[in-house]
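Chain IDs A, B, C, D, E and F follow the sequence of writing; residue 1 opens each chain.
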Amino acid sequence: MNKGIGHVNVGDAIDSFMLIKDVTKGVTSNGKPFLTLILRDSTGEIEAKLWDSTKEDEALFIPEQIIKLAGEINQFRGKSQLKIFSVRPAQLTDGVHISDFVEKAPVEKKVLTEKLTEAIFEMKNPTLQRIVRAFIKKYQEDLLNYPAAVKNHHEYVSGLAHHVVSMLQIAKELHKLYPQLNKDLLYAGVILHDIGKIRELSGVVTTSYTVEGKLLGHIPMMVEEIALMAKELQIEGEEEVLILQHLILSHHGKAEWGSPKPPQVREAELLHLIDLIDAKMNMLNRALDKVKPGEFTERLFAMDNRAFYKPLFEEG
Amino acid sequence: MNKGIGHVNVGDAIDSFMLIKDVTKGVTSNGKPFLTLILRDSTGEIEAKLWDSTKEDEALFIPEQIIKLAGEINQFRGKSQLKIFSVRPAQLTDGVHISDFVEKAPVEKKVLTEKLTEAIFEMKNPTLQRIVRAFIKKYQEDLLNYPAAVKNHHEYVSGLAHHVVSMLQIAKELHKLYPQLNKDLLYAGVILHDIGKIRELSGVVTTSYTVEGKLLGHIPMMVEEIALMAKELQIEGEEEVLILQHLILSHHGKAEWGSPKPPQVREAELLHLIDLIDAKMNMLNRALDKVKPGEFTERLFAMDNRAFYKPLFEEG
Amino acid sequence: MNKGIGHVNVGDAIDSFMLIKDVTKGVTSNGKPFLTLILRDSTGEIEAKLWDSTKEDEALFIPEQIIKLAGEINQFRGKSQLKIFSVRPAQLTDGVHISDFVEKAPVEKKVLTEKLTEAIFEMKNPTLQRIVRAFIKKYQEDLLNYPAAVKNHHEYVSGLAHHVVSMLQIAKELHKLYPQLNKDLLYAGVILHDIGKIRELSGVVTTSYTVEGKLLGHIPMMVEEIALMAKELQIEGEEEVLILQHLILSHHGKAEWGSPKPPQVREAELLHLIDLIDAKMNMLNRALDKVKPGEFTERLFAMDNRAFYKPLFEEG
Amino acid sequence: MNKGIGHVNVGDAIDSFMLIKDVTKGVTSNGKPFLTLILRDSTGEIEAKLWDSTKEDEALFIPEQIIKLAGEINQFRGKSQLKIFSVRPAQLTDGVHISDFVEKAPVEKKVLTEKLTEAIFEMKNPTLQRIVRAFIKKYQEDLLNYPAAVKNHHEYVSGLAHHVVSMLQIAKELHKLYPQLNKDLLYAGVILHDIGKIRELSGVVTTSYTVEGKLLGHIPMMVEEIALMAKELQIEGEEEVLILQHLILSHHGKAEWGSPKPPQVREAELLHLIDLIDAKMNMLNRALDKVKPGEFTERLFAMDNRAFYKPLFEEG
Amino acid sequence: MNKGIGHVNVGDAIDSFMLIKDVTKGVTSNGKPFLTLILRDSTGEIEAKLWDSTKEDEALFIPEQIIKLAGEINQFRGKSQLKIFSVRPAQLTDGVHISDFVEKAPVEKKVLTEKLTEAIFEMKNPTLQRIVRAFIKKYQEDLLNYPAAVKNHHEYVSGLAHHVVSMLQIAKELHKLYPQLNKDLLYAGVILHDIGKIRELSGVVTTSYTVEGKLLGHIPMMVEEIALMAKELQIEGEEEVLILQHLILSHHGKAEWGSPKPPQVREAELLHLIDLIDAKMNMLNRALDKVKPGEFTERLFAMDNRAFYKPLFEEG
Amino acid sequence: MNKGIGHVNVGDAIDSFMLIKDVTKGVTSNGKPFLTLILRDSTGEIEAKLWDSTKEDEALFIPEQIIKLAGEINQFRGKSQLKIFSVRPAQLTDGVHISDFVEKAPVEKKVLTEKLTEAIFEMKNPTLQRIVRAFIKKYQEDLLNYPAAVKNHHEYVSGLAHHVVSMLQIAKELHKLYPQLNKDLLYAGVILHDIGKIRELSGVVTTSYTVEGKLLGHIPMMVEEIALMAKELQIEGEEEVLILQHLILSHHGKAEWGSPKPPQVREAELLHLIDLIDAKMNMLNRALDKVKPGEFTERLFAMDNRAFYKPLFEEG
């Protein structure tokens, strides 16, 4: 199987390495134990059942374990399911690594770093530039690895940086069209707006919410981080700090969406809109990639549960 | 008075030509008749009272009449009001024209036409290009004169074309960032999305809603126009026609905002977002132009009644 | 089994012809294939499982195929399910037809046609009468066959015409009570309001939404059809055409319910209310027919998920 | 002035008797006292100012006083206002009565009584008939005099009975179309549904809400009254009593509209819809009577603030 | 098993008496019948499957039957499930009673009675005191046995009285802080506010909604009961009766939550808030009792589906 | 006039000192300038007009100036208005001070300080106690002077401390009833929850929102302050700090009300409810103080625009 689990069809035979993302133990109606495995490679996920599982199986097949398996794609309640013929844990000699099984941004980390550096270089306001540089330095490693979300959009390695770099490109072009915009402020908002996710989310591979992520959320956490950083840089009280905190605080656009204050500065409004565009295009492009012209995508929860149509005339 | 009515302060003396936009007759608490005039020049509007008005005054001072007046700026219930010292209708020899008193887009019609032509020239899909050309031909005159709305955004001469041309520029850049987008479809949607306003609105100078504008609205009217045009061009039934109708129908994004179907095609979603950005930036830029750094704008009804702050550090 | 699948109880033996409405393939926890069949006759639907299905079964038992089967009614997760003992496809010599297995309106097509003709005959406004006649002619066949919806109300053969004829009767009586109403306008609105469903829905037997149904919806499609028909009849621009389009456009009553403009003409408001009454009475009568006095119906999704009570004192 | 205050135009001279509905004392900017009078005759209402009012004026011109006045119709802030030239209280010898100045239902009390009696005569269920008869007897006088509301619909003498009788006619016809309906239950619901308004509203001429009307509302009050009446008639515990209480309780359709339980019985749902139709037709007919073809009515608050259009082609 | 079904873990062996709360019959994919039992003891509930059930089993194992069973705790789709090894109905000689298997308030009935009596003794307003005494007398038995709800809060034996007594304590303290409050009115409201639940709910052990509970609800039923009681006590028409009815009617706070009138009397507003506090604290305390420090509770439907965190530092 | 401006009636003569809260300049319909003054004493506010005002008047009568005036209470558009007979600025020799004209909490600052100290003394958790002490020290002066809001509740000198102290009393009693509560956490939340208002509001006398108050709001500002304080006290990272930040962040209860995270800790939920009770009781008590038994208060905007009734039987 070379094409990856995201691209298989019912009936395909499978013989490949995969990563266990999640495991649940169950009991059949006959009282026999089995394991439900969520498996993934870099192209997608699939559910698999390991029937008549033993205590040894339960100890071997745990999350973040890589396995080698042979099987076949079946269908169960309208969804694909992998039927396992044989399975074993991967060994050192197999030469496979967790990083081979997770999805990555379509742009290299090196390129992402260059684009970020370039943007910061364009900034002229010293206060804004200093804050941005300080955060980039503090979080460089994580910023280049973290996803931008647990699911829905940019939920892959380097997703956070990929999202920021795309938004910077939009910001740059909109600044040309609307020269009244303060480009430095907009860049600073774009680069920092989601950095709070590094504390809100648990990590890169099997991402969930941290306790402080649940109780505070990435928005207030980042407002707080800017205050602490401003103190450290001895620029607290400068108006740029307040306005930048406002951009972060308001970038979800509405109280119902998690911003206790709505945008009240021009660049804050635009930051919200650019964030929306890049998140939605990322979701749409990935969902439409999976269907053929003339078909609808599955319903996309984060797009108000809409299914999107791929026109036929695009084929030509 | 050279600076224009949009820029006067309380206490300023006025001696200039203005256009009557609206007139209402009233009676004071002492039973004396007066006229309330809404006057405008190319920079803004102001209310004025003509006390002790006569029957002759009522006949002379009617909407779309240009007048010469002298007076002073007062304040009434927190709003500026023009106190009239003397007033007379403009005469032929004054050499003034209605077009001198209406606001215009900041871009010349010639430039707008060029940009439109350029965009159509870029299009490759023959069906989409034919429909767009046909509508441009049918409505060329009005498209270059109509405002994009009665109020809120681009509510000036050539506002409709100005809005379209700005949106085309955004569309072009986003297509570079997201090459999966069908540029022809997006261009066709941008150019046609608001053309129904030409039937929805009554005209260029003192714009209101037509009866069919109120009963049908510009969105269903434009869906209908595309059907009639497709029939005329003998391309009815082609999928491009259906998808283009869908873009028009869904471009307000939600049922509550007037789109009976939400966007269900990638370019429809993006058309909605680009429309939002350009309308909001137009509103914000014009409102912020009127205030000084450190101040808030008046509340903007179409921006959820928010007031926007102009940071002080932008001054430097 | 003579009583029909809509009236069986758990434990009943079944030996009859049925129509396959839908088929899904599944795999048991032991890895054995089976088919889930949705079967129907003219009284209702039931799910059935065909265990250990073969490739031949998959080829034989497909949607719109009539089958002869013997089995028994069981219960599964609170719903009735048909356990199959034996099954075979119907043969020519069985003398059964698809039309025997679909639900039909409780009124004959002939009667429906007469009632429609009668109503049109009552109309005096020539413009409205011409449009109505033209549409009746264009869609006569489908109008008498189509359901009024995929589910919820009048979802049976001739449902659309049955709905229209009931509404005409209400319209007629309300016109007597409120003689200010324009009866011709109201009749035209009633007859045409849902004709767009003929393009929105895929057909009579196994009804689903068409692509244009999903992307445009029956309301804008019918507004468009009236424009095209008016052009064909050379009556475009007459006020009756606009007002009739408004009635169609607004007949769902609110933007959230799919009408981009709310009713703004007296007859439009009434059309909406009459539509509501007939749809609701149809749903309620059919749900209450299935329960005994003293019981509640199942929850009705299209009635805000309410269950309705059938009083005991009605028995007497 | 013969045409009535509801039909005057700006500039008309007035010389007639009118009823004072409300009076407020004010002080001009010069510190002089004046009275703002709300005056009415049987066709409508108008505001009038009595300038330089004396203590005697304040004592003479009080609510429910009839006055003779001469004056002229002016306009103030877009609304008609009566300018008073001379005014005096009516005298016994003038031969005018309060009942001459209030709007009445377009149907005579005698006819309303006959129609009610007829409907009760049609009822066959003895329990329902007994309750209805008992209430008719208890409230006969008020039922024939009370309005159906403070404003919006049927807000005139006998409005309550007029509303009930119109609804009975609709109920009768819908029972013919949907014979499954329990006509007796529906009739009982129609007749009793708003009788609680007799306790909720203060009276017939200058109607406002009573304290118990504000704290309990007519719906719970009527549920309570049925319980007390059932006890008196010794039929408490019969299911008809419960179901009838449910019809009253649920007739506003939704919790947000004042019904703590939504309709859960077929006739309850229909009662709500019939109530809606008659209230809306009453509002619409009266608003459209005041405008000419080609015009819109004023915005109707109780119709979601919509303005309604009167088509031109109705003129013919 | 001594620890009770609410505290077991997967893998635990069970050998104890339990009460059958609910039974459903099912058929496996192999066509074999089985019973799904909902079992409970005084600490909680669990689902159990009785495979290959016979007609005799169906007759023996019915709701409110006590059984003796041996088995083991398994997991099925993320929830605990009891796997039955052996089971038999309890016998007289087992010495077990239904009351052993239902949850009870943590306060004795005797104490609850004393606290109620004490509160009534504190009341000084004779009218309010008489009504309260009359209801306590009428419903004493049920008031001490009924739960306060079917689920969510105080859903155990004596739950209603426990809820009332807790609320009385809060009312007493708030009266000290805000002495303007009318304590008698507040006490009367607290004691009577949920007594309508005795008619709304079917009973103490396997509680569901009665037909009148569904069609009227406990709030209008209690308003009605107060009217009937006031008549019996010959105090109808006294203002205390009206205000008390208002407190009952408005105690859910908003129309959407079942109160057709919102609180419009100070004590009505406070009654609503005290009710909220005691219901929420009851839910929270019971949910948090089940988790360890550092964990979140399950999602609580009646708390807007929130999960609550139990801090670690509480351990110390 | 001894009774204070909050208690005057129309017709009362006034001769007293008052504080100017706000001034607006206007021009009458005759073009004459006047000043609209908002005046206050410790009991309330009133509007006054100073006709024919001079440049000198404009310079003398400015906000925060105390004046001596004689006049009379009139009525204008349903509201009381003060008619000025004579007016002069207060002089040093008059012996009046701004503090005489502002409303104060009904509890002395000394008592408020004692109660606060007492509560902190009760706390046992050292981390929570340290944070609370540090904030009390930092803001002691302002905490004892600031109002709790610009309007609606506790909008008077020491309002913030008065609100906190009342809430502490409720917290203490609820902790007795629900001993599972963590009293220290609840106390810390109560004391700190609104301290952010000291930065959100401009000051004590003529209070408005600061720029950072508008752009960030008191909730995120206080979350940030706790982070900075924790750093200063070297206790950052302790769980108490996180949980306390969560209490502050969530104390408005819902995203729509300004809390980006809802309460997810037991004490956070209770803090929200206690805040609600004390704010509402403060509003209700002050509004009901102004009306007589048998009357309704004015509509209270912050109580969903409800008017509250004061029962007659409270008089006895």
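Here, a residue touches a chain if its C-beta (ideal position, glycine included) is under 8 Å from a C-beta of that chain, and two chains touch if they have at least 3 such contacts.
Quick caveat, the model's predicted, so the values are computed rather than measured.
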| item | value |
| --- | --- |
| Where subunit C and subunit D overlap in contact partners, by chain label | B, E |
| Partner chains shared by subunit E and subunit F (touch criterion as defined above) | A, D |
| Of B-F and A-F, pair with higher C-beta contact tally | A-F |
| Distance from the mean Cα position of subunit E to that of subunit C, given in whole angstrom | 44 |
| Separation of mean Cα positions, subunit B and subunit A [Å, integer] | 40 |
| Junction residues of subunit C, two or more chains touched | 29, 211, 214-215, 243, 264-265, 296, 309 |
| Those chain pairs that satisfy the touch definition | A-B, A-C, A-E, A-F, B-C, B-D, B-F, C-D, C-E, D-E, D-F, E-F |
| Residues of subunit F touching subunit D in the complex | 28, 34, 49, 51, 74-78, 81, 83, 296, 309 |
| Contact footprint of subunit F on subunit A as seen in their complex | 211-212, 214-217, 219-220, 223-224, 227-228, 231, 242-243, 245-246, 249, 255-261, 264-265 |
| Complex interface listing, subunit E residues touching subunit C | 24-27, 29, 31, 211, 214-215 |
| Footprint of subunit F on subunit E - complex, ascending | 125, 127, 166, 169-170, 173-174, 177-178, 180, 182, 185, 238-240, 243, 262-266, 269-270, 273, 276-277, 280-281, 284-285, 288, 296, 303-304, 306-309, 311-314 |
